[in-house]
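Chains: A, B and C, in written order; residue numbering restarts at 1 for each.
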Amino acid sequence: MKTTVISESSNGALHPVTAQLVGAASPLGGQITVICPGGVGSSDAAHISGVSKVISVEGDCFETYDCLAWSKSLSPLVEGDLILSSSSAIGRELISSIAASKGIPVVQDVISLTDGFSATRTIYSGKAIEEVSISPPCAISLRANSFESAGEGGSAETTTVDVSQEVSVAVKRALARASERLDVSEADIIISGGRGMGDPANFSHLNEVADVLGAAVGASRAAVDTWDEIPHSMQVGQTGKTVTPNLYIAVGISGAIQHLAGMRSSKFILAINKDPEAPIFGVADYGIVSTWEDALPVLKDHLAELMSN
Amino acid sequence: MGVAVLLKQVPDTTAKIGISGGRVDESSITKWSISPYDEYALENAIKLKESGHGDVVAITCGPARAAKCLTEAAAVGADRLIHILTESSLDSIQVQSLLSAAVKESGCDVVMCGKQAADTNSGSTGPGLASSLGFSCVGGVTGVSMEGDVASATRLGPSGLEEVEVGVPCVFTFDKGDTELRRPNVRGIMMAKKKPIDSLTPDDLGVDASNSKVSIKSHSSPPKKQPGQKFVGSESVPEVVNKLREEANVI
Amino acid sequence: MAYEALDFYDIDSLLTEEERMVRDMVRDWVEDRVLPNIEDACRDGVFPDEWRVEIGEMGILGAPLKGYGCPGLSYIAYGLICQELERGDSGVRSFASVQGSLAMYPIWDFGSEEQKEKYLPGMAKGDLVGCFGLTEPDYGSNPGDMITRAEDKGGHFLLNGAKMWITNGTIADLAVVWAKLEGEIRGFIVEKGDEGFSAPEMKGKHSLKASVTSELVFQDCKIPKDRILPDVKGLRGPFSCLNNARFGISWGAVGAAQSCFNSAREYALSRIQFGHPIASFQLVQNKLSWMLREITKGQLLAYHIGKKKDDGSWIPEQISLAKMNNVDMALEIARMSRDIHGANGILDEYPVMRHMANLESVKTYEGTHDIHNLILGRHITGIQSFTREP
């Protein structure tokens, strides 16, 4: 049994999900090789426990992202019964391309994996769970935070190869920075404020949390109606937008039926409200009875800490 | 010349999904639609055709019911319709082999599809197809325009929204962006009804559609949500943040 | 929440693919364009001009007419279009009914070749808007006694009189006007800008607020000789138009009722009183099941008369029955739905009060509810009871 893990990077460093990929592969036994596109994070990868070999793949083509060029450079170095990547946008593209070049099947966004291989994933936007068996050799992308990270303490041997391929996708210019805030109808995470925010200027505290999470900022109708600064496009609810994010954070929102109509199908709901009797707690998976003044700064700090490792 | 657009038929995102006997019960699904990201691909394919890049060839792979997406595509301007008729569930290599045979047959040098389909949310088809055809691939684009054989596309890359240039042949996978979908009209619908659909079997395309390497063992309903947990005071925030990651798996 | 149209008896499975595609196209348009803007349109008392353009682009005007740039769809498809438009608002359906069944149809059936070529292609695209002038201030249910007159002046006709309650009047490029020529009812095409013709808008409606309603005034209105509809004389002219429009209304009313039912169901499931959703109380369930029952019957009536329109085996009395039944049913459902919504039911946040007010007009125009009773009464007994004279 041989596994090749394609490492994930962000901001020029190894992304922590890489250790989770190794963590998922370890129980399956055998040798684990980590391939680092562009050489990013190869020394950190070598320290993940359970890794037998790291291949740092350098080359000009890794300066910008070109799926075909990357996959052509990596593909000859990838071997074994199982190829793993993260299910980020680039992770999915790369592993599909590599799998296709090797003529092996790929299964994406898997949340559990056992010997053999048997994998589960959610389908129909989370309305059902599918368990599949996949005959090796095969490629699988894993959802972040679904697997235990492998610990540190490894000392794998690292080889560096330079295999640049011709780049066909040229980046001409940047149009907008990645951090531009999303619309509530598009976001996976939404943080909304209500009348309890007291003043529209206090929405800046929601913005700060949103920036940490890459979330969109929404509002209750009371907030939209009371304050001109809060546009109707932010309103969630029966007469606003209906949203189904993975996480909905309601701050200073009482949870009127018309508000619930727009957000109760969110996968997880976190409510922060100073009134323990507020109806929003009836639909919240996690409720924090506190003023936002107390809770939001702590929330921001802890999220920032968590997101950075 | 020509744009091939790949359309997958999926349960409408509003449809309820019933499960019986360990399998999704397809008969309980009342509405099937073109997968939403594929609709953006279709719209952009028609725009490219209007700017002079040949005909739009709409291709779908799926059972008999999937023909409906081809007729819908024709109603808004697809010129040729290819239906690869498959009944059993296929693995990614099989799907890509079928589609790449159809794309080759169509002679198109630009392929457009959604960045992922709304049923499995996989996103394997575009990049996999590009690799097996030896086409370049640009993922997650929101718009494409062409000048001769060079396309320029807007994509959401790792460092934000950027404009990239790429030569044909190329596969583009689409994200939503601010693309506005065109509405069909009665004339389009009447013409679509008359447009022939080329139905091809895997045999016709020389692809073995048996022996999928990926087989479905079971479908089940997602676990019921745990009852809500309530915490008092801002001191509980760290604990809740941990639960968001460990229990809920949402951050 | 996505709109799921009530279809308890699976009428959907009886439709052709083309009919379903047309229905979905109009449904999506209503969802995208009408529902988000209808309350503003009502508040301002306007029929937004972009709706005219977009309805024209969809190519649904004059749905069942063939040739001259008209769509040539089945009557079932026409019915479905009316159903979806009226699920949005009766005013939007009125625009399409008047244009297609009351203005395009008489030109298509009774017009000269030149008239058809001149008007129909532009009307089918929505570039030209038509209206239908039959009702007068003093003659509503009995249009046969109308006083608007046309005189043959050799080189032209001269029109004198006034029409009232004319949908689309002020925004129309042409009016199909019924007037007496030598004592006999004839159809005339009057164009915007014709000398002696004006179409002031009527204000102050509590119903069909997003529809334009006007007077048509003819003061020595001079029109060329080629504007008379050559092929029809007497009440048969306007009545044939009404048959088509009434047919459309029988479907449209189903759409309005579906909208009210949908809103009532959702509201009843989410509104908690006495610790439980009101949908769990038997009295509320009784109301919902009554709505389901009545809408389902109305759908079957509309579908069946649509099939008969398509194969030509219908009689006008059957259309009268469908119009009066379905509008009556929709109005009762709107009222009951309003009741289920409690106080919220009177707000413009919910569609029900608007449908209810609209349906009061729909009950009256195209033959009042009771006029249809009299039509059926005459059919059953052979005795007319419109007037006391023999």
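Please note the rule applied: a contact is a pair of C-beta atoms (placed from the backbone, for glycine too) under 8 Å apart; a residue touches a chain by one contact, two chains touch by 3 or more.
Here the structure is a predicted model, which means the values were calculated and not measured.
Nearest to the global CA centroid, when each chain is reduced to the mean of its CA atoms, is chain B.
Comparing chain pairs A-C and A-B, the larger number of C-beta contacts belongs to A-B.
Annotation: 41 Å between the Cα-based centres of chain B and chain C.
In this assembly, the C-alpha centroid of chain A lies 52 Å from the C-alpha centroid of chain C. Chain geometry summary: the mean Cα position of chain A and that of chain B are 21 Å apart. Multi-chain contact residues of chain C (touching two or more other chains) are listed as 1. Here chain A touches chain C in the complex through residues 238-239, 242, 257, 260-261, going by the rule given at the top.
Across the interface of their complex, chain C is touched by residues 12, 14, 68, 71-72, 75, 183-187, 189-190, 192-193 of chain B.
Of all the residues in chain B, the ones that touch chain A in their complex are 11, 13, 16-17, 19, 24, 91-93, 96, 115-116, 118-132, 135-140, 152, 154, 156-167, 170, 173, 176, 212-222, 225-226, 228-234, 236-238, 240-245, 248-251.
Touching chain B in their complex are the following residues of chain A: 10, 65-68, 71, 89-90, 92-94, 96-101, 103-109, 118, 121-135, 138, 145-146, 168-180, 186, 189, 213, 246-247, 267-268, 270, 276, 281-291, 294-295, 298-299, 302-303, 306-307. The part of chain C that touches chain A in the complex is made up of residues 1, 270-272, 349.
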